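The two complexes that follow have chain A in common; it is paired with chain B in the first and with chain C in the second.
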Partner chain A sequence: MSFIKKPRIIHPESRPNSIGLSINDYEGAMSTLCAGCGHDSVSAGIMQAFFELDIAPHNVAKLSGIGCSSKTPTYFLRGAHGFNSVHGRMPSIATGANAANGELHYIGVSGDGDSLSIGLGQLCHAIRRNVNMLYVIENNGVYGLTKGQFSASADVGSTAKRGEANHLRPIDPILTAIDIGGSFVARGFSGDKDNLVPLIKAGIMHRGFALIDVISPCVTFNDHEGSTKSYLHTRQASHAAIYADYIPVRDEITAVLDKGANVVPLHDGGQVQFRQVDDKYDPTDRSKAAGYIRECQERSEIVTGLLYIDDDAPDLHMLSDTSETPLRDLEFKTLNPGAKALEEIQNAWS
Partner chain B sequence: MNPTDTSDPSYYHRVVDCQWACPAHTDVPEYIRLIAQGRYRDSYLLNRLSNVFPGVLGRVCDRPCEPACRRGRVEEKPVAICRLKRVAADLAGDIRPYLPVVPKQKNGKRIACIGAGCASLTVANDLLPLGYEVVIFEQFDKTGGLMRTNIPAFRLPETVLNDEIDMILEMGVDLRLGQRVDSIKALLDGSFDAVFVGTGAPRGKDLNLPGRNESERIHIGIEWLESVAFKHTQDIGSNVLIIGVGNTAMDCCRTSKRLGGSNVKVIARKPRGYFKASPWELEDAEEEQIEIVVNHSPKEFVVENERLIGMTFDQLNYDEDASGNLVSRVIGEKFLPCDDVILAIGQENSFEWIERDIGIEFDRWDVPIIDRQTYQSTYEGLFFGGDAAFGPENIIWAVEHGHQAAISIHNYCEGRDIKDRLPVGMNLASTKMSIHEWSFSNDFDPSQRREMRHVDLQKRFDELNIEVEMGFSSDQAAVEIERCLNCDIQTVFSEKLCIECDACIDVCPVQCLTITSNKEEDALRASLTIPAYDKEQLLFVSSDLPQTGRVMVKDENLCVHCSLCAERCPTGAWDMRKSTLLIPYALDEKDAWPRKAG
Partner chain C sequence: MATKSRVNDFVIRIATVNGTGSASANALLMKAIFRMGVPVLGKNYFPSNIQGLPTWYEIRVTEDGYLARSGLTDIVVAMNAQTYEEDLAELTPGGAFIYDSTWPRKELHQRSDIQVLPIPLSRMCNEAFVGSRARILMKNIAYVGAIVALLDLDMDVVHGLLRETFGDKHDLIDSNARAIELGHDYAVSHFECPLDFRVEARKPVTERIMIDGNTAAALGCVYAGATVGSWYPITPSTSLLDAFSNFCKRLRKDSRTGKSNYCIIQAEDELAAIGTALGASWNGARAFTATSGPGLSLMSEFLGLAYFTEIPLVLFDVQRAGPSTGMPTRTQQADILSAAYASHGDTKQVLLFPADPKECFSLTIEAFDLADRLQTPVILLSDLDIGMNDWPCEKLTWDDDYRPDYGKIRRAEELEGMEMFHRYVDYDGDGICYRTLPGVHSKGSYLVRGSGHNQYGGYTEKDDEYREVVDRLRKKFRTAASLVPKPVIDTYERPHGAIISIGSCDGAVRETRDRLEKEGLRLDYMRIRAFPFDVNVTDFLSKYSRIFVVEQNRDAQLRSLLLTEITEGSEKLVPILYYGGRPLSSLDIIERIRTQLREDKAA
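Let's turn to the complex of A and B:
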């Protein structure tokens, strides 16, 4: 942890975004994570994404659970709302917050321990409800904060720092999400921001639950030879299945990722453009996507990119027909129609 | 791009913008840190090593370092480098016991220096510790050259000047005051082993317009300042016109104010932005209510009944031509009344005392041909330096010329090739103290530049020699010191250790780092985190990184040397190392012979 504060200097060549903010305005407190932790890079990617999307920090709510990864919301978007929940319970808090105010952008940051062990049930139901949020799992294969025990994402055969191997089969958050109805499922790598930042942008703008599993090495407990979540191994074993980018409404006509790029229009008016590495891969076909990922997994390959997307799936508010207007903006009379109204509702079932 | 060769001392030297810009390569950041530690004497001595006159230069240096200072790019204003130098000089105490020792046993070689200005004095300073006998011939009764005769005492007190000159004279100069050299030939008769010409550029330019020779009240700036310095001139009329808007004009107008000029105008041909005067000199003049009249071109001195009554000017307007040059157009005529006119339109050399038939070649402007590295003329053993070498410059250049000429003179007297000089070297030493602790103050201080305190406008005109600038208070100095970014504490990169985690890139407060695939320079510059198109500022490019074969690129331009990259790097691939430039002086040459092979 550094003793000095990061100097606040606005680079004379850096341009503000369209709401007049500089990238510095998207920073948070100085990180207290280990030097070189992948999580800090993901934070940097998140800052860049919100900056480029021209989203003001006060229109964002950051939520997290417990873990090194879950500490990171402190280190970005100083001006955003935030909630640091108990271990594994962030999805419930996010669901509740989203139900009360659907107008904010929600970003949840969690770890493989927080999401796949204690919080697995919570995560699954938030996916099923298609809560409109971006959910980032900073996946390092260990419980970093408690000194490096294997997590539920550790691969069979991957070794811990002292040499012992993991024997339990891993839970893959990607396959799980595709399986239970996830509407935006992606994988990135903290060491490859060129691909990660577009995924984060698209995830923020997607209507519904966007899950990004980011391989984010723990330099202290899981970056050695024998680990399958190290920087080196991830670089050697991963390949992009798809290159995707989010194109906002204003740029739509001019910015084209590539000739022959495929397009998924989003509900905000922007679009996701993507180009497959393999022609046969189709990120809008749920079962084909799952099959492809499983095949790669069997070959011990890590696939990255926007692996599945369905922007038409109804989200929490549509499914439960709840108020589109944030509760804080409703008149007291509407929010609380009084004892008489309650009586009438109860009588309707009697 | 090819990987950067950081073993070439000039790479890290250029990162220290101030030191690179300083003609004498003064180690600015180190002397600032010494002040911070209260080690004023050490700070002074470090300054003196390269610039010889820290007390003088801490007041009146032309300070090419300040426009170059990185702080001026990170925010609006550079570090007040010059003012801090004065802090060191004012508080240094007696430094004489720490000066180089002059051997009692002389080496039997005699050197003549012509002129007792800063160039000759530097030559003496460098050669006396080697055992040379140095004779200085000076036409006036006083030493110091233009520092004494032209730089007014309200900018440079005589006591400060005397003290620093005396330090050199006390080393044992054979000083011949009041002895003008009227023939170089006479000195080249074999009684000296080498001769150094440090006679400056003593002739002020004249303006031959109608009426020029009809009045005694038209003065040439540098002659007039000299006669004020020697107290031959003690007053001036109330309305004064100064022609020209360079630094000499600034000294002339402010001196006029102190001698009775109540209405002093400086006349410029061009608009603001094209003035030759340093911005701070201009500021000080305007603070003293001197009016600057722009776009006026002198036409005639108007003399009536043998009395100067004013000047007429063409009033100009400027347009830009296609290539952006200013083109003037006369739009009218204007008469400005005055009692005196001072011409401050430039200086030139005057070598009427150098015979043209003894092998000293002159160029087509009638200036001797001097080698830029050795300062030798085409006559072997005859060296030039200061304003005499390449025309009027400033004190710090004259000092640097003096150092280089001294090296040549020494090698010449030893019978060696004067082009065989010691190369500049570089030391690098880690500043790491513990995990996130460094041996320098790496925390960025956002304070703005401190303003110099000035003697009250009412009081400062009471006497001619009241020094206007009061120096920094200790509080001001303490803040200003922290503004320095320690550019000499270099970010040194070891590619073998990098795991490409991006931590350094993410933390850098000025986004100067990028990991990317290597390309040609232009493409690489365009592809950086923040594109860097200013080629004056260096790019560091690593060799291929182990994991992906990409390269680490650093744009040196705005690096604030905060060490955060090194703190956030998990592998120690970045380290903060202090670079020390090793500049050879004449004294170093002594120990370096015989040259070792390789």
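Let's turn to the complex of A and C:
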């Protein structure tokens, strides 16, 4: 942990993106998390994704709840508007913010405590409403700030640092999201940035609620032998079901389609290319995807990749049929019916 | 009393079973009297239930235009055998008791001080109509017919209302008119009509409407330019969002595209309801949520966040009887303290207290302006009586020159010219800082945090930086006191004391003052309309040696708030409390005030 003001160092070989910003423009304050924390890798992945997508930081709203993971919005995109809210309630803030103005990019960062215990209800309902946002769960199986209690994502039999085992069945955000109508469901690993960054990019560009569950080990409280959320265990037990990449519209012509790759077009004009490891896997088939993930889970395997996608599902604004102009930008004279209308309305009450 | 003619001054109490359609019959009756130009007031006592339990509707006909229950019952229409005994006991001596005598009940004839009017309503309707549903509904319309005869109501007015209600559904107009006739003709041929209680048409001085507070508040939200309403269903606030939804469908569709210039979100609970409103408000939309006591408890964490991070928000708390689930369909003013200091830590919230539906409309507009100006939640404390009962009001008016006060917002052009934007620096010395809206300009970005922050918005755990922010918030609250609506004060020359009250107590307090004045007891009156208390409140408190604080809760919450915030005169502030859940009547308070004043005089 550090109170040092982060020095601004521009790497001589760093190149600007198409809007003239360098990767440094996507940084935030110095992280105060433990050295080696998986969350810092996720923050780095988020910076890289926004940089590569040429999105100006101030067009991004970054939101979080409470916990180690929820501190991270301070550590990336200092130029973005941020909202560090209360424990487990970030999804509702994001829902309202999105209702008021659908034109920003919304990213929520949460943890397994914030999302799967205190905030499980809000997470589920934001998924149901298909709020257009990227929602990253930095999942480490423990409560860090309060010194290592099990969270609701801890696997049965996984042991805490002091040795006691968890006996409660875990809540899997991936299966939950697929079950209740999630339109973009993915799992990544903070130790595998190559596969994580494309997922983040695809999640940002997806229209609707994009959930990425990122296994992000807690080096202080849950990285020991016996933990199923450690770096070692995750590396050994995880495998990708699918390799996915986001191809923006400008690169589509030049992008080389991977041999055997499939394509899902997105509503922004770009597309997601993906290649499944297992031929039987189909990330556009909700029940098959759920079945496959459950089978892997029963074999104690952690399956990663873009596990389910439906870019056609209507999002919050389509479901509410809201105006093209963001509600917050509508002029008062458009919103106010005026004195004459008030007179007419009251005729029914006289 | 029994022989005195009571023109345009009496109370009818109608006892029915909920789910039988009596609400439309009662509305027809009240509207008929209202249309005859006579001030009338309706109070609904309904159970927290869908069908089959007792429900009462009370109509007060009041020439003097009082806006409270009288506390008396002059005519009872007993349509529910389950409550005959209770309804009979409720009747004031000299009153009339109407009941469905299809099944005659000897025991209802035991009181000699009243008049019993048996009418075989079920039998008549069973003979005249086909189908059990129609027979039940028409039985209710038939008692309206009997009352038309007994009170000498204008039959043309009644027929006009039927035509308005049913439009081109001629069969419904005909069947309802037939039921009216059944009741009317039976009354005319069996009783001396009209009764001593009766209605005489008047020409009203001002044009009035009948409206409930939730509808008026919803209309206020539309007129204030609110675009996001989020809520979780709870009695008695649900009808506010229902009304907002209906108004928006009518008034807020884009004329070109047909799309919605609003977004209503029915949240998963009250926490999400306020979170959604807060998120929208942070992002620059005018947003609100509506709830009642249990919801206020759930919302308190977010209220603290909004207070500390300084995000505007409008919250309607339509109060009901607590604690806990309490009596969801009964009224009270028992959330005053929990609203004023909602949330942990040193928080204080801005409260507005409307007294009637008209103020629900006007104070809603003020609430949005104040929330934006002060960058803090504004809680409108209405109650079930105001929110769900139809009140006679002056017509709502609107000034087309009104422009909303969005408060201190740095727009893109200003930010462009600035070196650096700081969120919580008090540049103007009023405790109110400048905010920015997300996505407007790269220089306007900052991180909202409910954790300790310094005046630049940065995280802090430093003593002096933290205190600088919370001390400024206290200063902002003092500024709020100068901006909130002033109390309404009525004075006499040489008063014997004063009354302080809030919200829906107003009607009963005014009636009490009138009656005491006739006895030679003059009480000045201040109706507080907002918290924090402004200087007028402090001054008023210092002027009198005896002040009655009238409110509808057990623990004298308004009085406590006054003593906590003003710290003067605990011995001279006498609590006058009613907390039984019915709308306040002058009878609930007048005797205690009278007794105290006499003791004061004797001393």
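Some points to look at:
The definition used in the following text is that the second predicted complex is superposed on the first by the 328 of 350 C-alpha atoms of A that agree within 3 Å, B and C clash if a C-alpha of one lies under 4 Å from a C-alpha of the other, contacts with A are read in each partner's own complex, and residues count from 1 in each chain.
Keep in mind that, in the parts below, a residue touches a chain if its C-beta (ideal position, glycine included) is under 8 Å from a C-beta of that chain, and two chains touch if they have at least 3 such contacts.
Note that the structure is a prediction, hence the values are computed from the model and not measured.
Once chain A of one complex is fitted onto chain A of the other, the partner contacts of A:S14 are limited to chain B, with no touch recorded for chain C. Of the two partner chains placed by the overlay, only chain C lies in contact with A:H58; chain B stays clear of it. Of the two partner chains placed around the shared chain by superposition, chain B is the only one that A:C34 touches, whereas chain C remains out of contact.
Of the two partner chains, chain B is the only one touched by A:L232; chain C is not. Contacts of A:A97 after superposition: chain C is touched, whereas chain B is not reached. Against chain A, in their complex, chain B makes its touches with residues 73-75, 436-437, 442-444, 446, 499-503, 505-507, 509-511, 530-531, 547-548, 558, 560, 562, 564, 567-571. Taken in their complex, chain A has these residues touching chain C: 56-59, 61, 73-74, 78-86, 89, 91-101, 103-104, 121-122, 124-125, 129, 316-317, 320-324, 327-330, 332, 334-339, 341-343, 345-346, 349-350. Looking at the complex, you find that chain A touches chain B at residues 1-9, 11-14, 23, 31, 34-38, 40-41, 43-44, 190-191, 193, 217, 219, 223, 231-232, 235.
Within the complex, the chain C residues that touch chain A are 207-211, 219, 222-223, 225, 227-228, 230, 247, 251-252, 254, 257, 259-265, 267-269, 271-285, 287, 301-302, 305, 395-400, 402-404, 436-442, 444-451, 459.
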